[in-house]
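One chain, chain A, links the two complexes that follow: it is found with chain B in the first and with chain C in the second.
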Partner chain A sequence: MHDLFRRYGKGLTFTFIGLTAFWLLVLVILPDFKLLESSFRPYLPIKEVGGPKDVYSLGNYAQILGNHVDFNSFGLHFEIPARIKVFVLTIIYSGVVTFVTFALAYPLCFYLAKVASNKSLPTLFLLLFVPLWVSEVLRSFAWYIILTLKGPLNAFLMAIGAIEKEIRWVEGYSPVVITLVYAYVLFMVFPVYNAMQSLDNNQIEAAEDLGAPWWKIHWRIVLPHSKPGIASGAVMVFMLSAGSLLVPAIINSTTGNWFTQTIQGIMMEGQDWNAGAAFAFMLLLFCTVAVTVAMRIFRVKLSDIAK
Partner chain B sequence: MSAGIDLDNVCCDFGNFRAVDNVNVSIQPGEFFSFLGPSGCGKTTILRMISGFTDPTGGAIRIGGKDVKGQRPNQRPTALIFQNLALFPLMPIWENIAFGLEVRGVDKATRRKKAEELLALVDLPGSADKMVSQLSGGQKQRVAIARALAVEPAVMLLDEPLSALDLKLRQHMRAELRAIQKRTGVTFIYITHDQGEALAMSDRVGVMSQGRLQQVANPRDIYNNPVNGFVASFVGENNILTGEIGHRADGMASFSTALGTFRARIADGVTKGKLYVRPEFMSLQDTAAVENSVPVTLSEVAFEGNFISVHAVAENGFSMAVELRNDGSGTVPQSGTKMHMAFDARNAAILPDSDTAGA
Partner chain C sequence: MNSNRRILGHLYMAAFLFYLMLPLFVMAGAAFNDSKLPTVIPWKGFTDRWFIELWNDNRIWGAIGNTLLVALAVVAIAVPVGTAGAILVNSISGRVRSILYGLMVAPILIPGVVIGISTLLFWNQFSVGSGLHLSVLGQVSYIASFVMLLVLARLQSFDQGLEEAALDLGASHSQVMRRILLPHLYPALGAGAAISFFQSIENFNVTLFTRGGADTLTVYVFSKVRSGITPSINALALIMILLTLAAAIWYELNRRRKERVESAREAEARRAEAAEM
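And now, the complex of A and B:
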């Protein structure tokens, strides 16, 4: 603080601290508190808001338990609430998206960081960036076109003789997963690339010199070194995927609902902001829990991610 | 379990640049061999070719008599110690040392035991569970040596491993390295630009310049009988005089310079060259000697402790260096004194310039 005063003067320091505080407090924290508060209130006609029926309860949160449906998984048969099912599947498939982006990003990053010549790097990065110049809406529609029954992907696969009959891609969760992977893969690529780039080439050579085969070099040297990058990439991709509304809204099939669509339905179509807020907080809470558990399992510290 | 190494007309080109030019040398099993040269002379490239990270563009490399062409570094019986050591910072010390055993499928208990043994060998017991960041420079050095020894290599390759250490530690590690080499009997190939290091540790030294091996000899011969001007001036100091070779007889020749005519050693076949005399072979006398004597004025006298460094200027302004041993008598010549500088003809040599591709 003292340092800031000396460097920028009192006026400028207070202005910037004030602006930051305004942004944090008024634009982020207060609205969230308002939502949190209203998530505990019942959905009432305007006349009764503030009346005797307007008391705090967990009613909105309990709504997630309504509407039972069948759920088949791993050969087991359950009957679970429909929204819980969507909720759980959203988390699981966000995990799938995260894993697939990692599987795609890892070899790409290794190539960029350790194999590609410095001369070709600008071109390669440009090629990676170009798709970002197109809006996410258009890119999602593009995938919708690619994946339709009579679309280019099926036509191509039929032409090379890989399949005999068109595959129905837009079914279940695959179109959302495919498009989310495409939309967020760079959020994995850049942190992992940064982490790998900081690995000393001599480490790889030393491991090879000591007799390590390539997979051992990756498992013992490259992967552990890249862990902080992978962790921050994974957190970003997971959170963005679980919270994405646009991609599932555009490309989703009727059999693959995303939890954000449920929230949107309650808020926009049902006009029940209180219940919507309750659902949004449950998503936030569970995503945070999932990330924390994953970090425990992979032994990543919060300070690693901040690097 | 050590092996000899033969380099047979080994060349290495990077584009148009020839980093290593027709190097021929036979390194004996169990030998401590140093490649000595300035940076960019191709010595590191030689090391990388032996370890398999760089492929020679010509010639053959044989380890233990077998051509290693096409073998990856992980298939060769060599272990490289990198200049920056390249220890694995995310593994504890013992896992670092046992890494080579781990990739060979040795079980954990044996690995741990072997790591402890090697730590004892390099004088670092009790640090098995420490992390790399907890060690000092010299300790990291020892760990790197232990890690390389763990795979029981036939040849150890060391790429200026002492350059990051401070002077005291460096001198200590020299002796240590030499002792470890004697104890294990492994062939050591050592790369350095530090002549003191090369001379003090090696059985033989190969002096390199511009990709070419200039001279291969034991340290004494490298210093006392350099084959050319490059070796003479890269290893140790020299006073260099230009002039013409005159009458020669019995391996000696007269050499006429602007300071007068001198007599010095000369090898057969040398027709052009310069006269090289080391400062410590020069002496200062009150009267002129019979031969190889120049009247000078002392311009600068520096008392360095074990020796006295003197700069002397001849009548034509040519400056020369003399090193006098401090014999404890307390007599230090004063600058400005006029004296005669002399040297023994057997301690001076007429040498051709360095061996380059064009010559």
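And now, the complex of A and C:
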């Protein structure tokens, strides 16, 4: 602090502090506190806001427990509140998305880091970047077109004789997962590539000379070395997927609701902002816990993820 | 690495690029199909009417205008705010630094839905209604984090001795800032501005909850896709893909030209060295 004053003088230092305070307090911290505070307030007509009925309660949070439905997937069968089911399934399928993106990205990253020639790398990366620059809403729309019942995917599969009748793709969670994987796979590729690239080729060659099979080289050398990259890619993809509203809303699979869609429904169709706040806060809380746990498991710091 | 596996690698790379590009081609192809639904199958003949429809769509021009305005406002706020944050974090140490750093990075990981709703509720209590101004504030809250990270990385390579020297030689604080620190940061500021601009254009979640009645391009395309789908969106998609490709090709050609100049210069230097010997 003292150092700041000496180098930039009072005026500039206070400007820096002021701008940072505006960002962190006014744009981040205070709105989140307001979110928490609102989440305990009941939904009242405008006239009664601030009146005797406007007392704090857990009513909004209790809403998640209403409306029981059957939970019937992953070989399990029991009764569960509808919104909890959506919440749980959102988390599970975000995990699926994360895993699939990793499975797709890993061989690609290995190719980019260890096989591809240095000369072709910039061109390859440019090609990889192109879809990333086309906006997310359009990329989701592309999959909406591909997956429709009379769409190109079914037509292609029928033409090569793989299926006899059109498959209804837009059902359940699979279309959402397919589209999320496509939308976010590059967020896995870049950090994993960065981590893998720093691996010394000699280590792989030494293992080969000593007779290690290829899978063991990956399991014992490449994979452990890429761990920080995998962790940050996984956290990024998981957060983006769980928080995505655009993709599930465009795909619009009625039997594959995402938790963000539940929140949107409460906010916009229900116009119940306080209940919306409660649900948004639950999502925020879950994300915070998930990131913390992931950092513990992979033993990485926030600064590693931020790269 | 045996050659079989090398070929397998090339194949995988090609397949992956195919997987990334194919949906874009399908979407672009549908722009020319004379069918009321956006699809490539069945092919009902070639048409350019979706482009004409797009051109005559007044709402979309309004939405594009709004999007650019919001993006410029986000750049104008996020760049100074993120830079100030980075300078602050860079010049302190210990526990306070790690807390501050954590607070500055966290917004990247907060779901957009949460940012949107919290911004809406926070400003609503001061009777500031929803609208694009709130979208700007909501977007800045996490986009400033990207700027902060870029500037902070650039600050690592900054020699603070330069500032000391300037101060010793009698420069004022603002002169040090203007003539020494900022010029060093220019590349990071430029990159930060570009990222802020594109992040803002892309943003959906925050904007959806804070926009009030106003359209941005993303929200408009979304509502168009959700309700009465017409292939004019495909026409728009094709134009955007072409713009992206043009930018990519321009960038690639530029890079290759630079590389050639560079290697020519190196060869020249080698020749000169050889001649001297």
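One rule holds in what follows: the second predicted complex is superposed on the first by the 269 of 307 C-alpha atoms of A that agree within 3 Å, B and C clash if a C-alpha of one lies under 4 Å from a C-alpha of the other, contacts with A are read in each partner's own complex, and residues count from 1 in each chain.
As a convention for this text, contacts are C-beta pairs under 8 Å (C-beta built on N, C-alpha and C of every residue); 3 or more make two chains touch, one makes a residue touch a chain.
Everything numeric here is computed off the predicted structure, so don't read it as measured data.
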Fit-or-clash call for chain B and chain C when the two complexes are aligned on chain A:
fit
After the superposition on A, what does A:I221 contact: first (chain B), second (chain C), both or neither?
first
Could you say whether A:I29 touches chain B, chain C, both of them, or neither, answering first, second, both or neither?
second
If you stack the two complexes on chain A, which partner ends up touching A:R168: first (chain B), second (chain C), both, or neither?
neither
Report, please, how wide the angle is at the C-alpha centre of chain A between chain B and chain C, in steps of 10 degrees.
80
If we overlay the two complexes on their shared chain A, which of chain B and chain C does A:V137 touch? Say first, second, both or neither.
second
What is the contact status of A:K53 with respect to chain B (first) and chain C (second): first, second, both, or neither?
neither
Return the chain, chain B or chain C, that is in touch with more residues of chain A.
C
Give one of first, second, both or neither to describe whether A:P152 is in contact with chain B, with chain C, with both, or with none.
second
Smallest Cα to Cα distance in angstrom from chain B to chain C after superposition equals 8
Touching chain B and also chain C: which chain A residues?
none
In the complex, chain B residues that touch chain A:
51-53, 72-75, 78-80, 82, 84, 86-88, 90-91, 99-100, 102-104, 147-148, 150-151
Where on chain A is chain C touching in the complex?
1, 3-4, 6-9, 11-12, 15-20, 22-24, 27-32, 34-35, 38, 104, 107-108, 110-112, 114-116, 122-124, 126-131, 133-139, 141-146, 148, 150-152, 155, 182, 214, 235, 239, 242-246, 249-250, 252, 260, 263-264, 267, 273, 276-277, 280-281, 283-284, 287, 291, 302-303, 305-307
Per the contact definition, I'd like the list of chain C residues that touch chain A in the complex.
1, 5-6, 9-10, 12-13, 16-17, 19-21, 23-24, 26-27, 30, 38-42, 80-82, 84-85, 87-88, 91-92, 100-115, 117-122, 124-125, 137-138, 140-141, 144, 149, 160, 163-164, 167, 172-174, 176-177, 198, 201-202, 204-205, 208-209, 217-218, 221-222, 225-226, 233, 236-237, 240-241, 244-245, 247-248, 251-252, 255
In the complex formed with chain B, which residues of chain A make contact?
200, 202-203, 205-213, 216, 220-221, 224-225
